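Chains here go by letter, A, B, C, D and E, matching the order in which they are written, and residues are numbered from 1 within each.
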């Protein structure tokens, strides 16, 4: 057992939830509540198991750690190879944390097909964790797609009124992107075979392949499209408001908290590593789309009347910031973007959770149905305020650190004007979030129904409190987190720039150009 | 004790009150809130007194690194130097007084939860303000800067169930964020120029080699000043401050008069090294300050809400301070910050006492004759008014005079006439200030009572917890000025100038201090400003206290348009609404309904629909008639045959 | 032209004409009978093409058994005249079929004409030896022969299942 | 003459798998006539026969029999396994289904066994005559099985349509065989490996006729039109077999012919023509499936599209493509037969259509069959970790490797469309409230077994495909020009 | 080549019969008519087989025809049984009217 945890920790992390999901099947229908608790216990156990990833992870080491290698389809060189590095370690932990929190929240809220719900959630965790730690493209793709199925069910079965539309839209959008990526992966593997005579889908094998510039662009775009849809980047974002809005609260938390990050993660892990030249060439466009996302997402969020939609569009805006940081490609911007992904997971997760608290009581997401509830549900209000200020980047909370580093890094890059535009996001985010706060929690209490609202229960309070603690932790001691991610990011950045320059790209990224002439 | 305790204590008070306060009751909350602030004040003075009496060497206390990446390293460090010491002294002390005052002011109105919330926010505010003034780098300043903004937001919206209060809070935060936009970009500029955020590093680098940084500094300083414009309510971002009066009155006194709004001035003074290198930016600061001073003073002339008058007065006085900074008189600016803190806090608290007595009434047209009934409030209010008007030897006289003298003495290289114009504006503002303050006093305390009978019956003096702070602040409004005597009283009469001079780092290669005015000119200026102030007071007294407002009413009736424009605050809010808010709302709706729903989703849904439609059409190829199926097979065969064979 | 060639062409004409009659005749019974004649013509051709065994089978099995079965079913179902119900003309089907058939036949004829005799130069052997054919059938082709027995059994059972009336249950 | 009987013991042994099937069919027929009380065990006898036949097939030594006309090789083992798997699923679901509909007759099993025999002959035959006889045995049995419900007009109509189009297709196939025979001088497939033949137009036309004839069996567009009607009217278990096994056998025949004739270099025009068929099948199948309301028709169109994907492998051609096609067929077997198995369980009333709407809420009423159906559909949609993905993976890998980018992109686009209707069924299963009330009879053991087998196989092949691929690779290497 | 006529002529006859069969199969409405036409198509193929067999001088072609005839017989019995079964339901075997299953 000890050896299993030492040598195969990642495997255990990935498949413990899947095994848990299978075991949930053993519960009879009459024991639905026990099944819920069991699933929660499994996810908590998984979180406990993931703690060594934090304690034993060597932040100074930029490469993969906790590595596992096994043959999977030897004929095609497809391997079961896992590992975490600075790029994925925090996202893994975020996943193992948010899953139990979501399940805890759902403990008192999901009543329909409880066992299936628990199973879907655990399988989702398996899918997410798998795609975060896979080092083989085929393996990654499998997990990447597997993720969709439980999420489809979560939205479709336990969602709101337009859940089916939202679920289909979610599935089709994401699938549309990843199918082209699938072909691109196959192309790379075939290329590897053509060059070396052997099949391989391993990232490190495919990374150095000589590929003609034009082809590389096409492949890069295929990958980028898949990831851009997932993030989502304007104008591919329209699945997100629907999916977020219709998903049950727990689903929204995971969707916002982790799933969207996988797009950015994929871009960093695969887009940059496989196609450094193209990634550098298209970086300005990436950043520009990010900026559009920031402003556009914020403005559209402001126009919303539905709380969840507002928060959903705010995700578009926040992820736009992350994307911009990646486009800028300075070390500070990358650190900021990476940290901001975690921040967004926490703050938006918390916002969805708190909106869920209200929704589960009143069964409406319309802001107009609320107003003045601060006096009725002070604890909810307090948490909501903290989450809001985390979301709009108030110093002392997590959001600020990520935002500031991203802005600063972008300012420090050749794309200074991006920052000039993007910083306006701090105004816009205040506008829409405070409008939400005002309309829901403040203003006169006009709806009699709201007087009967009850404040948060323990199963809602605990997840919210955990999230708030983390927000403060990251806000006050960001170095604990930056130290884990920076070496990997810096190594990734250096390799990418070096390979771009070595490849003699026609128009290297200005950052790369700048680095060579200090 | 460490400087960190000074801000940790109020923060601890915040935590205790927000978490436990609602359950443990008002007594607990009062004790914790005032107790922590009192302790913080004591610690602050226990550090200040040795500092002032000692060598006054800058102290930096770091507790480790906050953010570090390979390009950026920011420490969690606090700094005690003359400038932060000056701020620290009055922030803690006034903060403490206002906590005490609030115990009385808030005691009856609120539920336990509301009471706890109020004091929690107030404590948090103090902690944030202390971070702002004690922080040793720009980033910590920004932390405090945003923190006080947060508390301001929370406290303005304290009466959350009143829509205007909630809206005012939001407005304050958003407008401040507009300022922060500039401030942040300014910080980025500093990072680009100096590679870090630590004060020492930035300022000593700039001072040592001004020529290297000067070209870009103009823009950086302007961006920083945008932040100050937002935080310190200068034109054109002043609009949030009058609305902020929706919060409880002690909040207005503490945050929106004495401390937070002066953060902008503090920041400019802190960055004096940079600003002095950017003369164009200095000019902008002075112009904005001077214009705001007179603009707000004019608006104050025609306001009838007691707190609104004071709010515009605050805006106007902040303009003064920026005028001073712009003219290079950072010491005068900071001196005015200090004295203003005392008398304006006193005025606000006095107005709070009046409102308290009037049962919540704020319209001065419905007051009158309160001087006999409010035996402590009236004299303290009057002293503060005279101080604000600039009557010697009260505090305001010295600080205001220093600013006017500095403006007069200012000789910018370009457009020197603007300096003189700004001086004239300052002088006029002094007269206007005296006038509208006297109008306020006259209408509130003199004449006959104009309110309802119930109100008349209800009027009473406030409890001791409220009156004692008034007395203390009135006393300070009298004596504080003596720390900054004009140079005519001796070369070293200006203690404040001597105290603050270490922050004015000498700039290599630039001319030293601007020349001082001769004593004769100085005396003439003093006489002039006293005359203007006295004239204003006299006019206000005559028109309102003695004649009951007939003359101004006639003037208003003769120029109705002009009067309405002033009374309606030049309709700036309406202008912003039409130019910015409405287009923004409309644009966001268009982006949502047209771009998102109609175009993007429309195209995608149409694509999906077309495929389905195609399916619906193509299914009719399946006619059910088996002969058609056979024909399909044959046609397929023939087509394949023709295509393939034609290749041979 | 040899005599046997003349007989072949005559049989060919007979075959084609009656095949056409089969296609165009309205009455299914008469069509079937026309096809019988056509198959007789084919049998003649087979004889001339050195396939007497097949010719015999053609007459016995095809004309004798299969087509009689057709007639039997036609009688059973009492299908005679095929009255065209209103709206039964299918112009698209007709036109497309015409085009397809003509182009198919044209293409095939063209290709057949263009490609010569593949077996030119092959060693011709007399094929009229029925014993030789039979021997082959029971040696190399024993497997398909046995398989066809299964096929026939399946057809038998199938036909039985489909039309045997419901008395069993 | 000493050459009269050249059949050896080895030949007899080689044909043992078919013999077992034929004999078991006869046995069931006899039992039906003389001991109808034994009906409950017919399905098990048939099952046993299929298993024994496959076991024998695997045990047989590699080689050819009947003067090189019948092959025993890794290819026949692999494809035999595929056919046997289909037969087993069919037999497992057949009994409860027939019992429920009151149509249980021994002939059903006999015909199915004989059809299976025909399919096996198609795969093993190295001689177009054997292939043709096999094809006809298979087809004839299924003409009957299509019309098996004598009480149902739909079933009779399905029989008629299948029969008429089938006979039409057979005639074309036969003409193709004739052309190949005529140009090569032999009925044997390996006789096609003469260098000059590949360039002869008439040979190509013959090949095209085979493509049409076998494409018809595979329900490739535009030869597909029979499939939806026939699937809809036919007894569901028979569809489970018909929609899977003949398609696989047909593709193997085409691969054999192509391999013998072109030896790896398919003329580009022919390639394009086949690619066009593939594209048409994928697009038409998927697009029209979107509009279907009947689950069996929907699965028919889905099958058309899937054969389009498999035809990509035929276009790409080569040993890897054949192996990919075999893998694809295994994936298709477990998913498609599993889907029909679930349909046979979930629809109680066989006198009506099978509208998708009737599945509403079955996810809660009938969790197990619904879950298997959903899994099968996801597998058909090609979601990873299911067998369907593995099939697509190998097929598209081949296309990309050989540079068929356009084909691959179209295929991917088509499969995106397909997700639309597969997920439609899934959401009807799980996200709608039930339309029918009342308790359901408990699941029959054999149905449960079939569903579990398919579900488990979908996941097992999806997660551990390595052994399947190895088997397919060895199978593909059987063909002479595909040997490494 | 030992036949009385060139192989070409045999094949032309075969194609002609096949085309006639196609015509009947595609244009007639009566199922039996269609089936008769399909039988004609198979016979056309048989004729070509015989012709080629003669040309190659191999009996294989004739053997194939032998099997085709057997298969045709089997097909006929099944086909006609299906017609009868269908007729019991619909009282017609006009394929234009047998379209319960469509779309």
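Quick note on the criterion: a contact is a pair of C-beta atoms (placed from the backbone, for glycine too) under 8 Å apart; a residue touches a chain by one contact, two chains touch by 3 or more.
Bear in mind that the values here come from a model prediction, so they are computed numbers and not experimental data.
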| item | value |
| --- | --- |
| Required steps from chain A to chain C (each step between touching chains, minimum) | 2 |
| Any chain that touches chain D and chain C | B, E |
| Chain separated most widely from chain C, comparing mean CA positions | B |
| Distance-to-centre winner among chains (Cα means, whole assembly as reference) | A |
| Longest centre-to-centre distance from chain E, chain (CA-based) | B |
| Leader among chain pairs (count of C-beta contacts) | C-E |
| Euclidean distance of C-alpha centroids - chain A vs chain E, Å | 65 |
| Rounded Å distance, chain B centre to chain C centre (Cα mean) | 103 |
| Centre distance in Å when chain C and chain E are each reduced to the mean of their C-alpha atoms | 5 |
| Rounded Å distance between chain D and chain E, as computed from the means of their C-alpha atoms | 26 |
| Per-residue overlap in chain E, given as positions that touch at least 2 other chains | 18, 21-22, 25-27, 29, 34-35, 51-52, 55-56, 58, 60, 63, 67, 71, 74-75, 78, 81-83, 85, 93, 95-96, 98-102 |
| Multi-partner residues of chain A (each touching 2 or more other chains) | 172 |
| Junction residues of chain B - those touching two or more other chains | 608, 619, 622, 624-628, 630-631, 634-635, 637, 641, 645 |
| Touching pairs - complete list by chain label | A-B, A-D, B-C, B-D, B-E, C-D, C-E, D-E |
| Of all residues in chain D, those that touch chain E in their complex | 129, 132-133, 136, 140, 143-144, 147, 150, 152-154, 156-161, 163-164, 167-168, 170-172, 174-175, 177-179, 181-182, 185-187, 228-230, 232-233 |
| List of chain C residues in touch with chain D within their complex | 107-108, 111-112, 114-115, 118-119, 122, 135, 138-144, 146-148, 150-151, 153-155, 157-162, 166, 169 |
| Residue numbers on chain D that touch chain A, as the complex places them | 363-364, 378, 383-385, 389, 393, 396-397, 400-401, 405, 408-409, 412-413, 415-416, 419-420, 423-424, 426-427, 430-431, 465-466, 469-470, 473 |
| Complex contact set, residues of chain E against chain D | 18, 21, 25, 31, 34-35, 38, 41-42, 44-45, 48-49, 51-52, 55-56, 58, 60-61, 63-64, 67-68, 71, 74-75, 78-79, 81-83, 85-86, 88-90, 93, 95, 98-102 |
| Interface residues, chain C side, partner chain B - complex | 90, 93, 96-97, 100-101, 103-104, 107, 111 |
